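Two complexes follow with chain A in common, the first pairing it with chain B and the second with chain C.
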Partner chain A sequence: MKEKLTKEEVLHVAELARIAVTEEEIKKYQVELKKLLNDVEKINDVKGYDDEILIAPWSNNTELRKDEPREMLDPKKVLENAPRHSGNYIQVPVVIGESEGA
Partner chain B sequence: MKYLNQPIEEIHKLLKAKKIKPIDLVEEAFDNIEKSDCNAYITLNKEEALKEAKELESLPVDNILFGLPIAVKDNIVTKNLRTTCASHMLENFIPIYNATVVEKIKEKHMIIIGKTNMDEFAMGSSSRTSYFGAPHNPWNKDKISGGSSGGSASTIAARDVLFALGSDTGGSIRQPASYTGIVGMKPTYGRVSRYGLVAFASSLDQIGPMTKNVYENALLLNAIVGHDEKDLTSAKKEEEDFTKLIGKSIKGKKIAIPNYFVSDIVDDEIIDKIKETEKTLEKLGAKVDYIDMKYLEHAVTLYQIIAMGEASSNLARFDGIRYGHSKENPKDIRDLYFGTRAEGFGKEVKRRIMVGSYLLSGENAREYFYKALSIRDDMKQEFKNVFKDYDYIIGPTTTTTAYLLTDPMDDPSKSFMDDVLVIPVNMAGLPGLNIPIGFDKNHMPIGMQIIANSFEEAKIYSLASALEKELNLDLNPYGGEKNE
Partner chain C sequence: MSNYIATIGVEVHVELKTKTKIFSSSENGYGQMANSLTNVIDLGYPGTLPTLNEEVLNLAIKAATVLNCKIRREMHFDRKNYFYPDNPKNYQITQFATPIGYDGYVEIEVDGEKKKVYIEEMHIEEDTCKSTHRGEKTLLDFNRAGVPLIEIVTKPCMTTSKEAKAYLEKLRELLFYSDISDCKMEEGSMRADANVSIRKKESDPFGTKAEIKNIGSISNVGLSIEKEIERQAKIYDAGDTFKPQTRRFDDKLGDTVLMRVKETGNDYRYFPEPDIPFVIVTEERIDSVRKTIPMLPDERREKYLSLGVSEINTKKLIQNRSLSDYFNNLLEEKISHQTASNLLLGDISAYLNKKEKEITDTTLSKERFIELVNLIDNNTLTSKNLKEILEVILESDKSIQTIMKEQGIENITDDAEIREVIKKIIKANPESVTDYQNGHDRAIKFLMGQVMKETKGKANPKMANDILKEELQ
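Moving on to the complex of A and B:
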């Protein structure tokens, strides 16, 4: 097994994870992420298991609660935790089209 | 006069007779925390706790937990009380609702004393990934108190308070309990509501009690269990009294020790202590066998895949938009996401999110994640099969005793391997408890894990209490000095 990921591989997983990485971090991740990925490869050593999937270890019959109106969180309180807001809205930078800055 | 070192029934009596007030206990707890100086807390709730204690004076002392201070791990949301998950990302986050467990302890009129230190987002095994610095082990302050519930373990071991809540995704209650010589229970998955527990790996996370002894542990579990319609995975089980089997004979009980749990991955000193304990259990009338179990040696690999995969999905919510840290002056939405997450998360968390994202992407989901889920299901079945013949599975909780805070952190696999003996229980969704069984040559605590079938927590407390009584260990790191 190779010891390091390529720079491109690190940039690919950082892209998937939506995390910005510096040149210095990339060098570290090339080794550290490879170590973890080597670890998870060991799953291929497991033999003789049944190939059926159970998503949760507790296999109870989950039940949805009734769709009834109930007390909601106070929108004003919710907005207080938002880094940028205006009136009853959360502010975000431009999502579609040319970015002009936030 | 000190009260928190007295038996809980005694404290209850004093409260009931109005000889002491809740505020006396709250003041004592804060005094203890200051003297312990173990960095066990991220946020202290002093002003509010004193206010609540005052308010309780007018209420009847209606249950044994009434007026008692409790510490809450900082990944359990508390209304109007900062909840950071030990992360820069949530450094200034003030929740606007309570977790279900918090509502439940408040119903009992327990008083939240503060929010305990932990590994960032519960990812780690030594609490050293905390943005706020690691908590210390009261038995030796140069050593770790384990993780991720390291602050809760530290404050209980130091005898600051009687009760703490922790959470356990891959051993995060039992492992620090072992390192600090306390009792820690991970209940059956579904037993305690996860509503308001900041999600790490949703199919594994479970909240549980951490205390200095078995009886108090069962009392706190009594208070926090129950079906909750706000948690889809919450089990529909009647509430029960988990103290009901405490003090009962364990004569004739059948106990299994998997050979893997006493293999060469475990320090000799710990194996020796387990063998001694085996003799004690036999003396008490139990029958102990060594057995082979499939899949145990693969549990860490399954955990890495499932926990990192689920974490990458759960932590996608931290986007710098709705709450938490946000990058200043982002140039566009991409810069906001990428910059916020780069600034807000620590190293360990970033690594796990990156690997998790990769494991869930495209074909990898089938290659790794689904495969891990299938094997987990088989592993669960393997446990069920053992429980057809045995009442309990036991083994050491950890492979070593607590190590130095200054030990290297550069191996990304290390924090997973610290939990190699406790992870299988999360994989199978079973209840498991750490009970102190002795000390190593440096007088650091050694713990044993007791595992039983789903929803058999009461049975676990029965064995644990029998052992606790028989061993009668002095588990106060200060030898009672602090409280005199």
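Moving on to the complex of A and C:
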């Protein structure tokens, strides 16, 4: 088993998380992230869940909600919790590119 | 035309017509004040938990049904992880491993030929917040965050822009008619992406793929596909290659522009959403949803044509949902359906457009409309006179014949009465009769004029014309 991740692997994870990392941090994460992964991999040793996806600790079906509107937040309160706003919009720095989701 | 074969697949996002959002009880609305339709779930506050809206499940089952998809009976949601300000949770809840619908198809017709467009899968997911870029700022509106979506993905089975357009039109028609979505591309409640690649021969492997994102109208989908085929062909013709990429269609340029090159493919680290347990779709639910599907466009089309409605009127009726629904109430009636459709699409539509009303906002009950159709059909009411009294017809409850009387529109339809006037006119104008018999067609117009003058315009024109010709023989 590898002792640490490659520099490229760390940079790739940093890229996905949209964070900048220094050379020193890269060295640190090469070891730390690998340790984390090794710990997580222990889950694979658990027997008995090979064929089904375990997504919740219970087997009940999900509860559905009726399509009825309920109380919403006051827009003023919403904006108070944002670092910056412009009119009623929450304002963030420009991020180049388009949404990944949807 | 290029010498390449294009391979086209289309992905469509459709916002579902629910009262509330997919995982929260805040309202699903459009055009409201920014950030006024939210709660802690939509804003991605830590510790909040999503609960699935039952109506979303029902509408997704409905969509899967009208798109001829198989419906998965046990499914779950997945997290699609990415960092972007439009989604503060840093993941979108979607269905990756177990899409609710799969292996479906939609039938389209292009240049008189029928073809099936195959649907790979359709899944449920949440919409992100709407971000607007203004110079140095990006503005976020969370009213859209958590609006329920279905994404419908076709197989790469189309080869021309015409097919892609026909598919989108058909899809819009189906989803709109089954009350799943209002499908307004201009408001973003229906959004389309197209995947395009080209190759020389069927036997060649698929070419490099370009994805064109968020195209704002069906005609622009067609245009962007044509432009993209052209662009790729030029590159290949020059002996070059290109990397898989995402492009967008620029309205002003009328062309696609590069957004980003996909170097390594997406790395979304999907995993099952642990906050929402399994969703079980029961047979009872599928059955009860199926019962809510109204008559769909294809069935309407077939019915209308079989009742003698012209092809063009059938098409126009189906383009106007409320008129088509109104017309559907008349299918069993013994009336001329062509006349009925002419009325609805002609003078009545003109009135509705002018007044910005729907047919259901008028006083035109089914019974009064049938009376109107029959009066027009047997020439008691001429189309000229109809124009004069249409507003009254659509704004009062009186019978059409009462209105005609009140407005002084009395059409003489009594054969004997008209014939008597005509005989008198013929006697008084022997030269015109001779002219007519010598082949001067204009003479009949003069005689008709005299008949109308004599009856103060009340003689039914068609009858008068027929009787006049008879009497001149």
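Just so it is clear, the second predicted complex is superposed on the first by the 83 of 102 C-alpha atoms of A that agree within 3 Å, B and C clash if a C-alpha of one lies under 4 Å from a C-alpha of the other, contacts with A are read in each partner's own complex, and residues count from 1 in each chain.
In this section, contacts are C-beta pairs under 8 Å (C-beta built on N, C-alpha and C of every residue); 3 or more make two chains touch, one makes a residue touch a chain.
Model, not experiment: these values are computed from the prediction.
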- Where does A:R65 make contact in the superposed view: on chain B (first), on chain C (second), on both, or on neither? both
- Query: Does the superposition put A:L33 against chain B (first), chain C (second), both, or neither?
  - Reply: first
- Item | Touched partner set for A:N88, first chain B, second chain C, both or neither | second
- Item | Which of chain B and chain C A:I43 touches, first, second, both or neither | first
- Message: On the A-aligned overlay, A:L73 touches which partner chain: chain B = first, chain C = second, or both, or neither?
- Response: both
- Task: Using the superposition on chain A described above, determine whether A:V21 touches chain B (first), chain C (second), both, or neither.
- Result: first
- Note on the structure: Residue overlap on chain A between the chain B interface and the chain C interface 12, 16-18, 53, 55-56, 58, 60, 62, 64-65, 73, 78, 90, 92-95, 99, 101-102
- Within the complex, which stretch of chain C touches chain A? 13, 18-20, 25-27, 33-40, 43, 51-57, 76, 80-87, 92, 94, 97, 125-128, 131-133, 135-142, 149, 151, 213-214, 248, 259-260, 264, 266-269, 272-274, 276-280
- Task: In the complex, go through chain A and note every residue touching chain B.
- Result: 12-14, 16-21, 29, 32-33, 35-37, 39-40, 42-43, 45-46, 49-58, 60, 62, 64-65, 73-74, 77-78, 80-84, 90, 92-95, 99, 101-102
- Query: Taking the complex as given, what residues does chain A use to touch chain C?
  - Reply: 12, 16-18, 53, 55-56, 58-73, 75, 78-79, 86-95, 97-102
- Query: Quick one: in the complex, what on chain B touches chain A?
  - Reply: 93-94, 96-97, 188-190, 203-204, 229, 232-233, 235-236, 295, 298, 300-302, 304-305, 308, 312, 316, 319-326, 329-333, 335-339, 341-342, 345, 350-351, 353-359, 361, 368, 370-378, 380, 411-413, 416, 426-429, 454
